[in-house]
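Following this line, the structures themselves.
In the two complexes below, chain A is the common chain; its partner is chain B in one and chain C in the other.
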Partner chain A sequence: MQNLSKVIQDTAKKLLEEKKVDLVVGFAQGSLPLRSTPYFARTVDQAANLIWDEYCENNLTNYLRKREEKVAVVAKGCDTRSIVALMKENQIDREKLYIIGVPCQGMIDRKKASKLVGGEILEAEINGEEITLKGNGFEQKAPKAELYYDTCIRCAYGNPVIYDELVGEEVAAKELSFAEVEEFEAKSAEERASFLAQEMEKCIRCYACRNACPTCYCPECFVDTSSPQWISKRAYSAKDNLIFQGVRVFHQLGRCADCGACERACPMGIKLSLLTRKGVKDVKETFGYEAGLNPDDKPVLNDFTPDDPQPFLMKE
Partner chain B sequence: MIIKKSEIAGLLDQLAKEYRVYAPVDENGNIAFKAIKEGAEAKLGENSKKPPKEILFPQSEELFNYSVNQEGLRMDSKVDDTKSVAIGLRPCDAKSIMLLDNVFSNDQYQDVYYLARRDNTVIVSLGCNRPSGTCFCTSVNSGPFDTDGSDVLLTDIGEAYLVEAITEQGKELVGKLNLPEADAEAKALAEKAKASATVASEVDLAGLKEKLDGMFTHEYWDKLHEKCIGCAACTYLCPTCHCFDIEDDAKDCEGCRVRNWDACMFPLFTLHGSGHNPRTSGKERFRQRVMHKFNYFVDRYNATACVGCGRCIKNCPVNMDIRQVLAEIKAQDTGSEVG
Partner chain C sequence: MSYEPKVVAFLCNWCSYAGADLAGVGRLQYPPNVRVVRVPCSGRINPLFIFSALRNGADGILTSGCHPGDCHYVSGNYVARRKFALLKSMLNYMGVEEDRVNFTWVSAAEGGRFADVVSKVSERVKEIGPPKGVFKKAD
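Now for the complex of A and B:
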């Protein structure tokens, strides 16, 4: 990972020096253990602050919409899928974007790590496949793969789908799994409703999920309009919260790159990726389409082919 | 006086007969201050994800109901003056209530909803034996055993809590509990806990307000906000942020006026009816958040609107760290600009 940081720095320096780009969006050292932070390098000196590690969890595509300048971005598999989705929606001009693709095994989930040690982590160190977590009165080792975000564990697209330059070695292919969605679907309607109510009661309507999502960019969100007011702002209403989340997820159908940024951003720990992944699974089953994989195809809801699975139109 | 930890649940049950009791509880995986039904629900020692300001200033609060019919208008106000005890607040959070008092009770405005709760709530805080790595309370005129804002302060001494009544309200509450006196050993343990509670982070606030006076148009803001995604996690989880919006929920001739937390990080916050928004982008919005806490609030109430609880740092989706922001502001060259 140290080496990858160096490669990214050198790449960024070169791009800036040669004036191929005006800005490199990547990650820098965060201020907390298990945390890297989005970083904007505009000079060669600043490029030296770029890093790459297992804490680069944010989807940086969020920072690329409607950029005037020429930009390079350090992008994982999921970031590149979001880039593709946004290119189709004319939010990103591919001509002005340089993609430094980085294959990704997965990013470490801080909440999982805290839960594992049962206390505040003050220091973390990664050695190969193992992570050591230290805090007041404890030091614990764990395989880092066990601490990856659930979305990363189930992700089959760790390798960037498009790039101008690939740094690091490609990761082994994994099978896409919707196990947790299937488990949810198997529950009774009452059980699902009760689970959703419990999750939605946690929502404080801070909209971190919406704002962390690269494909959630309506100039005016329906929850932000006051005339008419489509939805109450009452945070204690699980029903209103579910309407917000439901509409948010519906807006993502066929566009969501399944990156999990929404769930990572949620300060209240709501299992949002269950909702978004349900949408991803439904689109895959209904139209045979996965968002952000192919820059050349049309957005799924803008397209029709007789080969669509479209089970909703078929009769047995 | 002392309270044995094993007796806390029973004592809270006893208090619950006379008071509504708020305590930290596990709510679907998050610690939150809630009115408890049984003492055993309380998880003292755990700090809440959402700040305890919601006890006095709920995130969503029905101010009054109304209905209109042929006979006229009916309005039912919902002022809540239930006698309450809030237990387990950290001293930083207790201090935040003193700051909120400035806003909800001043020469120009008395908020009846807040004040009814405030006047009827006894604050029993719990000192912080082990401050978190993100805490910086000692830099903002507080500390892990600060008594400012607390009616009673508890100190964890292992098997028990040492109990100190700070105010008259606190003495009255403690007086009802018939607690045993603390012996010399308990007092020594409490002193030891207080002495060994280290707050690792420091923020240098000296001269910050004056610096900000001259920074309104500084180029620093152009870059600062760049990684901020403009959500309200920092604002809603801040114990001192207090902005709100009022909406009417009405159907036909019946309705309810509701006050909800709002956040300066949202574009709608300052959007005018004309469509003009004086805070056009994240730049102006993030500047507002910093300025309100560390400049305007100081101007108005002679206090910084931050208690160093670290929630904004821990919960920011992009690791925007207010400690770094303040250090960077201090390091800026403000030249001769006059704000």
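Now for the complex of A and C:
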């Protein structure tokens, strides 16, 4: 990982020096362990702060919409899929964007890590496939593959789908899995409803999920309007929270790159991927479409064929 | 008093609403449980409308537009169809029963069929009873 940081720094420096771009969006060392922070390098000196490690979880595509200047971005597989989705919506001008693609095995979930050690982690070190977590009075080793985010474990698109330059070696293809969604589908309607109601009671409507998502960019969100006021502004009702989440997921259909940024951003630990990935799965199964893989096709809900399936029709 | 469900029906102006009109002109009887909301096209139906109706106490939903191929705006119902497939699946996933949210196509000439559809929907919603799960009404 150290050498990848070096390569990214060199690439960024070169791009900035040659004035090919005005800004490089990447990651820098965060102030907490297991957390790298998004970083905007505008000068060659600043480019030396760029790093790459297994804590670069943010989807940086969020910073690329409607940029006036020429920008380079350090992008993982899921980030590039979001870029493709936004290019189709004319939010990103490919001409002005330089993509430094980085193949990604997965990012480390710090909630999983702190659950594992049961205390505050003050230092973390990665050696090959193993991670050492240190804190007050403990030091524990664990295979890092166990600490990846669930969305990363089930992701099949670690390799960037588009890039101008690829940094690092491509990762082996994994199989896309919707195991957790299928498990949830198999439960009874009551169980599903009561689980979702419980989850939605946790929601404090901070809208971090909305803000972390690169494809959630409406200037005015339906939850913020007052005329009509679709749902209450308070987080008091699980029904309202579920409508917020349900419609949020609905707006992402055929656009969601399944990066998991919403779930990672949630301060209450709501299992949002259960809803978002259901949308991704349905789109794939019903229309054979996956978002952000092909810059030239039409988004699934902008398109139709005369013989689309109609499984939803009532039985008469 | 027996339970009489409230069914919110979103009908497109050009086919299903006219179909409902025809049922009325033909003096066909159907249960008075539906409350009709006239929309310009089935493509106008935002999933949020359906969520919102359930949120605000609807026991059932009926959504109807022109048959595919007959849309007044050429492709409105084709676009709606993709949304509906995903919406129905998502609602069921959230624990809303299969029969509570209904989608169909009724043309302006199908007054009889409209009456049938409404009867079936009200009957089925009556069978499953008031909303359970997330959209349960406050006691």
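Here, the second predicted complex is superposed on the first by the 304 of 316 C-alpha atoms of A that agree within 3 Å, B and C clash if a C-alpha of one lies under 4 Å from a C-alpha of the other, contacts with A are read in each partner's own complex, and residues count from 1 in each chain.
Criterion: a residue touches a chain if its C-beta (ideal position, glycine included) is under 8 Å from a C-beta of that chain, and two chains touch if they have at least 3 such contacts.
Since this is a predicted model, take the numbers as computed values, not measurements.
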Quick one: classify A:I204 as touching chain B (first), chain C (second), both or neither.
-> first
First, second, both or neither for A:D224, with chain B first and chain C second = first
Once the shared chain is lined up, is A:V300 touching chain B (first), chain C (second), both, or neither of them?
-> second
Should A:L32 be classified as contacting the first partner (chain B), the second (chain C), both, or neither?
-> first
Of the two partner chains, chain B (first) and chain C (second), which one does A:F250 touch, if any: first, second, both, or neither?
-> second
Return first, second, both or neither, reflecting whether A:L196 touches chain B, chain C, both chains, or no partner chain.
-> second
Where on chain C does chain A make contact in their complex?
-> 47-48, 51-52, 55, 68-69, 75, 78-79, 81-90, 92-97, 99, 102-105, 116-117, 120-121, 132-135
What does chain A use to touch chain B in their complex?
-> 30-33, 35-40, 58, 62-63, 120, 122, 136, 198-199, 201-202, 204-208, 210-212, 224-226, 229, 232-237, 264-265, 267-269
Write out the stretch or stretches of chain B touching chain A in their complex.
-> 27-30, 49-50, 58-60, 130, 132-134, 223, 226-227, 229-233, 235-237, 245, 247, 249, 258, 260-263, 266-268, 271, 313-315, 317-321, 323-324
Given the complex, residues on chain A that touch chain C span 184-185, 189-190, 192-194, 196-197, 200, 222, 230-231, 238-240, 242-243, 246-247, 249-250, 253, 275, 278-279, 282-283, 286-287, 300-306, 308-314, 316
